[in-house]
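Next, two complexes with chain A in common: one pairs it with chain B, the other with chain C.
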Partner chain A sequence: MLTLNYIIRRSALSLVLVVGVLLLSFVLTYYAPGDPALTWAGRPRGPGALEAIERARQELGLDKPLWYQLSTYIGRFLSGDWGTSVKFKTPVLELVLRGFASSLELVAYSFLVAVPLGYLLGISAALSRGGLRDRVIYYFSAAISGTPRFITAAVAYIALYVLSQALGTPVIYGRLSSELRVGFEEITGVITLDSLIQGRLDAFLDSLVRIIPPAVVLSTYPMGVLARVVRIAVAETLEEEYVRQAVSLGIPAGVVMRRYVAPSVVPVVAQLSGLFFSYSLVEAMAVESVFGREGLGYLLIKSLESSDYPLIVGSIVLVSLVFVVANTIADVVQAKVNPRVVV
Partner chain B sequence: MSRRLLPAVVLILVLAVVTGALLILYRQPQQIRVVVYAYRDAITGIDPGAEDDVGVVVLHALYDTLLRYDPRTGEYIPWLAERFERVAEDRWLIAIRKGAVFHDGSPVTAEDVKFSIERSLALYEEGIGLGFVWSCVEEVEVLNTTHLEVVTDGPCELARTASAAYSAFVYSRKVLQLSGAASPTDRKLIEWFNLGNELGSGPYRLRSYKPEREVVLEKFQDWWGWKVVNNPRAPDVVVIRIVEDPGEQERGLRAGEIHIASSVPRAVLRSLREGGFEVRAADTYHNFILMFNVLRWPTNVTEVRRAIALAIPWDSVVPTCLHGYGRVGSGLIPYGFPGYDPELRLGQDLDEAARLLAEVQLPSGTELEIVITSGYEEEECFAQLLAHELAKLGLRLRITSLPWDLVKQRGAEVWSNPEAAPHMMVNDWWPTYITPYDYLSLLECGYITWNWAGYCNEDFDERLWEAYEVDLADLEQALPLYQELQRYVYEELPAINLWDMQHIYVYNPRRVLVPDRALNPLYTYVVFFEYVEVLS
Partner chain C sequence: MTALPEALSDLLRLMRRAWRRPAFRVALLLALALTALGLLGPYVAPYPLQGLGVEVVSEKSLLPPSLEHLLGTDAMGRDILSRVLFGLWRAVIVTLLVISVSAVLGLFVGSAAAVLPKPVETVFVYTMELFISVPSILLAAALVATAGGGLVPLIVALVLTWWPWYGRVAYTQARAIRELDFVNLPRVFGLSRLYVVRKHIVPHVVPPVLVEALSDLGSVVIEMSTITFIFGAAQSISEPDLGVMIGLGLRYVTTHPWVALFPAIFLALLAISFTVFGEVLYEEANPVLRKRWFKWF
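Let's look at the complex of A and B:
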């Protein structure tokens, strides 16, 4: 049962979790090798070179003790100032939101594919338990969820490339065609949405065509796992007494499925979707790279390479925030649709 | 909705999307001329006075320098300065080109030039930027709105400075007011630039700045130079896209989403050429220097350094690791650059190397560490070749591949903790302006961020400064001094140039044309887009 008390408790726990991640990531980057002051100072030379590095250290507050740096950082962070990237010399919040919007768009589209298809495949397999369809779906879901995403992405990219060469059509690459980028404003950073806001149907269709292949690739893992989990859940539900009775009373199969079987599966799907969402955000990094798309992964790698601690912490905290929010939503949905779940 | 209607609605929607997609895929290109240039490193900043790294790739499109240098002819081309004349031994007269305006429409004045020069110098005093190029300037006197005189502290070849790749850009002094900075060196002003602001007079202006992803530039119609370059097919929009992975650059190129690629894998060049792409090898002053840690055993022993240098398979490096696109190094200064000395080339001699190692009684099985930059295929290949050859001498080579920022940090470690710093590092270098000092300064004692050898030799430093002082007045006179220094380095071997790099630009000739004048070895990785022609 969903209660206000639960929502408050859950929010407080989420906040503690995020602050914990923030603390941990800051402390770990503090002790990691590398000197951010050198990156911040650029290539100092001449009479003031040493002073320039020292000044960089002061500007970044690296000359202060850890507790002071940490408390100052957390204070600023919670007030919305995520600092400035040492590498890009640009506000961290701006960078991570830009990267996140791009990755989020891909993950969202992959879910539009994964959830309904995984659900339908699972139900379909459960309804023909032991039959040919069940076996085909079983092997198919095992194959798509078991193959690493970067391999799936590479194979899909090559296949599309060969196909486009044969058909004489452009190759799927990037988020939006270079020509269409002219005059296109990124408002939210989600291009399919921004194009609709600006009434740019050409940009919308172009970005849609470009996002479908990577989204399908990214959807393979959640789709495969969902199909198998749903199959088991549905198969178990079909064996339940109340379902058997409903069938014996002559209630049409479609109604039995809709009224008695499907609701018992929704909490499982909701719970898994929450987990998959965060996981897909991480997996998106590989897929984005193959299809020439920008995203949060690239930022995280660059920040690690250059000891860019504000960007490292910012990226990690953002991912953990997404994790927390996605799982909270999943729990709430689960509680809402299944009164037996105690929260 | 009726259940029978639902599939029909879904079918119509799917058909609509597919039709739209096909229309998009087969659409006619728009009239706007767009060029996408893929560059391999994230932009490190766009402050024209402070930037000392890859930001120049953008800056040369946004800002003008007073002159440009043409290494092919050795001439200085009047650029923003219509006249640039020495009027006395220590005095230069500069006349700004008539009609030159900044991107806000205001005219470029002598006061702006003075502001730009003085800010570069002031930043350099604080250790920021490469304003040392103006170090012989004593005073800048504004004569009127378009004329100024630069007084130097002695005879000084100021034309070289005015055409430098870094810190020689002219920008409006209004930037102070726009940024709210209190002084030209105020951090606020640097931040203002790095947030994606500019006020230059170059052929392109900044439309959007995402240093981690892409920089979009749009044609500045009022640029004075359009009449000079006379290129009606110049791009209206330039997208400088950051694509670090060479394989991704290749994919983008083949997909038609990248029009000029600067770093595709060398192994695929033939395939690209066969696919109709133009592969242009451009000579550069970009070289790769092996630096020995002279503060750590055993590379602190000259004989050991020489033995390692003699173990390098010099004749195989360029064909194997650079696929022929380069030249074996000789001395520290690259081919074609003033001061280049062809006599300082080393060859492989494993017998002599073994003799030297025996002389210093270096135990067999000694392990050495070399740090290279990850993703640089030529460095990785070189390290493998070297490891193979050193193994023949009984030495083990541990190869550590790190991202560029960490390479820099490990290099600087030689000054704080030489025992933890690697024995060898590969440093790639390109010039700030036309002076051999630029390459030799890598071994200056105080240059802690780049002297990864930890080499500190007072005599060398004094002689280098002496050469530089002479050079400021007359490069030709300074060349023998630089030559002596190079020979000194050749004997001591704290560092050695492995190869001079050729940059490979690949583009689709049906889409763009990159003429010779769009590339200039002094301005490394810069494409002068005003000369690029968009064909379709």
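Let's look at the complex of A and C:
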């Protein structure tokens, strides 16, 4: 049963996890090898280096007792002061939110491709078990989900590059063409959404064309795994007594699939999509960097190039928090769909 | 411990069943060949110093494949075949280490959570949830930023984000049997908790975790190389790594395609063979998947 009690308990667990995420980032910052102030300041060199390190030392409160450091650290994150990026000289929270919106956009589009296709492929394979169609779908899905996404992305990018050179069209790169970028106002950071809100159809179409190739590349992993898992879930459901009964009564296959099998497969798809989310985000960063989109991957590369530690820690905290929230929502939704999960 | 040999003989039986399928045979042989090549790589590489990245021959940069350099040379004049062999060694070592350490850690924490008192159980379950939420690539980035681009930060980051999955499997498995009679009765007879865990719980928890771990080999290869690909793009590590080589090679892909192509081929072969191997094994371990439904309709 989905009760208020369950929701409250699940939310309390999430709060504990949020504190846990902050604690983990604290440990990463303070107990990593080397001097935390030096790391936090981005390993500065040359004139002004000592000053920057001293500033970092004060910002981290390294001269204060441990409990004080811990409480101010957590308090700072909770109040939205996530430090300043060494590379971009802007607040980390702002940067990370913008980068995350871009990566999230890509992941969302890839799911729009992957979920329906994976579902259909899985059902189609399950119905012809052992047949040619099953085997083709099975090995196809194993191959596309088994190839690292950045290799697929590189191949797709090169193919599109060659194609655009041959056709004389502009290369698909980045999130929005630079002419349209001028004067474009970002509200949510998700360009395909912002352009629709502002009624800019040209910007919408341009960004849509630019997001489709990376989204299709990124969708290969969830699609391949989903196809195989749906195939398994359908196989298990077909084994159930009520389905056998329906088949033996002579109910047509289509009706059996729609009325008896599909309802028990949908929760599996929903739960799995939640799990893919974190894996897809990691791969989105690599795919982004191939297609030159500015998202978390771009931020990560920039922050590694300039040892921008506050930015790295900020991205860890933000992404982990999003996962915690997403998992909470997924659990509550699942508890509503399938009451057996609440123990 | 009698649990491990039993689980291994179960696994062997599983493999023998899976062996009947041609795809499994191809995948297993390919995976074994690549693993062997990876493990022997550093010893058979024609230019070991160039493979390691110590020696740089700038006058020989970006040469196409020839008899002297079978797969050509990269931007710094290093023999790509040697780089690929060293990279393969790294990929194989990291994958095997990450999977085995994560599986053992998950096994212990997961089954401990199921048999220890309630407060410990709660803490362990929350810890697993916490590490599931942390993105591996960013954790690896933080560790690389502080500890450098060696193997250790990469392995630590991957283990920290992989073990909770096995912890979950072990925990659900152990929790499902902990109230059953064959687990509870020996306790009533006065046998120690440790004995019961060893004799009755571990044997039921090891096989599913083992199958899960083996079927994840492909995912670890992919995740590891995705991380190093980004590090390669950021030029933060220069170790011989397939992901890094592809990341750097993409810059010359239009003029000197072999720099990125050969590492990509080896990496894709390794990842796909591991994935197919794991998939078939997983399917054989869950027999419900082997029936043929279409004959019903």
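Going forward, the second predicted complex is superposed on the first by the 293 of 343 C-alpha atoms of A that agree within 3 Å, B and C clash if a C-alpha of one lies under 4 Å from a C-alpha of the other, contacts with A are read in each partner's own complex, and residues count from 1 in each chain.
The rule is short, and it goes like this: a residue touches a chain if its C-beta (ideal position, glycine included) is under 8 Å from a C-beta of that chain, and two chains touch if they have at least 3 such contacts.
What you see is a predicted model, and the numbers here were worked out from it, not measured in a lab.
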Touching partner for A:A154 - first (chain B), second (chain C), both, neither: second
Which of chain B and chain C A:L281 touches, first, second, both or neither: second
First (chain B), second (chain C), both or neither touched by A:L50: first
Touched partner set for A:S289, first chain B, second chain C, both or neither: both
Contacts of A:L95 with chain B and chain C, given as first, second, both or neither: first
Chain B versus chain C as contact partner of A:L205, first or second or both or neither: first
Partner chain in contact with A:T39 - chain B first, chain C second, else both or neither: both
First, second, both or neither for A:S307, with chain B first and chain C second: both
Doubly contacted chain A residues - partners chain C and chain B: 33-34, 39, 161, 289, 302, 305, 307
Chain C residues within the chain A interface of the complex: 23, 126-127, 129-130, 132-139, 141-147, 218, 221-223, 225-227, 229-231, 233-236, 243, 246-247, 250, 253-254, 260, 264, 267-268, 271-272, 274-276, 279, 283, 286, 288-289, 291-294, 296-297
Partner chain C, residues of chain A touching it in the complex: 13, 16-17, 20-21, 24, 28, 32-34, 39, 126-131, 139, 142-143, 145-151, 154, 158, 161, 228, 231-232, 235-236, 238-239, 247, 253, 256, 278-279, 281-283, 285-286, 289-290, 297, 300-305, 307, 309, 312-313, 315-316, 319-320, 323-324, 327
Contacting residues of chain A [partner chain B, same complex]: 33-35, 38-39, 41-53, 55, 59, 84, 87-91, 95, 98-99, 157, 161, 169-174, 177-179, 181-182, 201-202, 205-206, 208-209, 289, 292, 294, 298-299, 302, 305-307
Chain B residues within the chain A interface of the complex: 17, 20-21, 23-27, 29-30, 32, 34, 36, 42-45, 50-53, 124-132, 187, 190-191, 194-196, 210-213, 216, 236-237, 239, 243, 245, 248, 251-252, 254-257, 259, 403-406, 408-409, 412, 441, 446-450
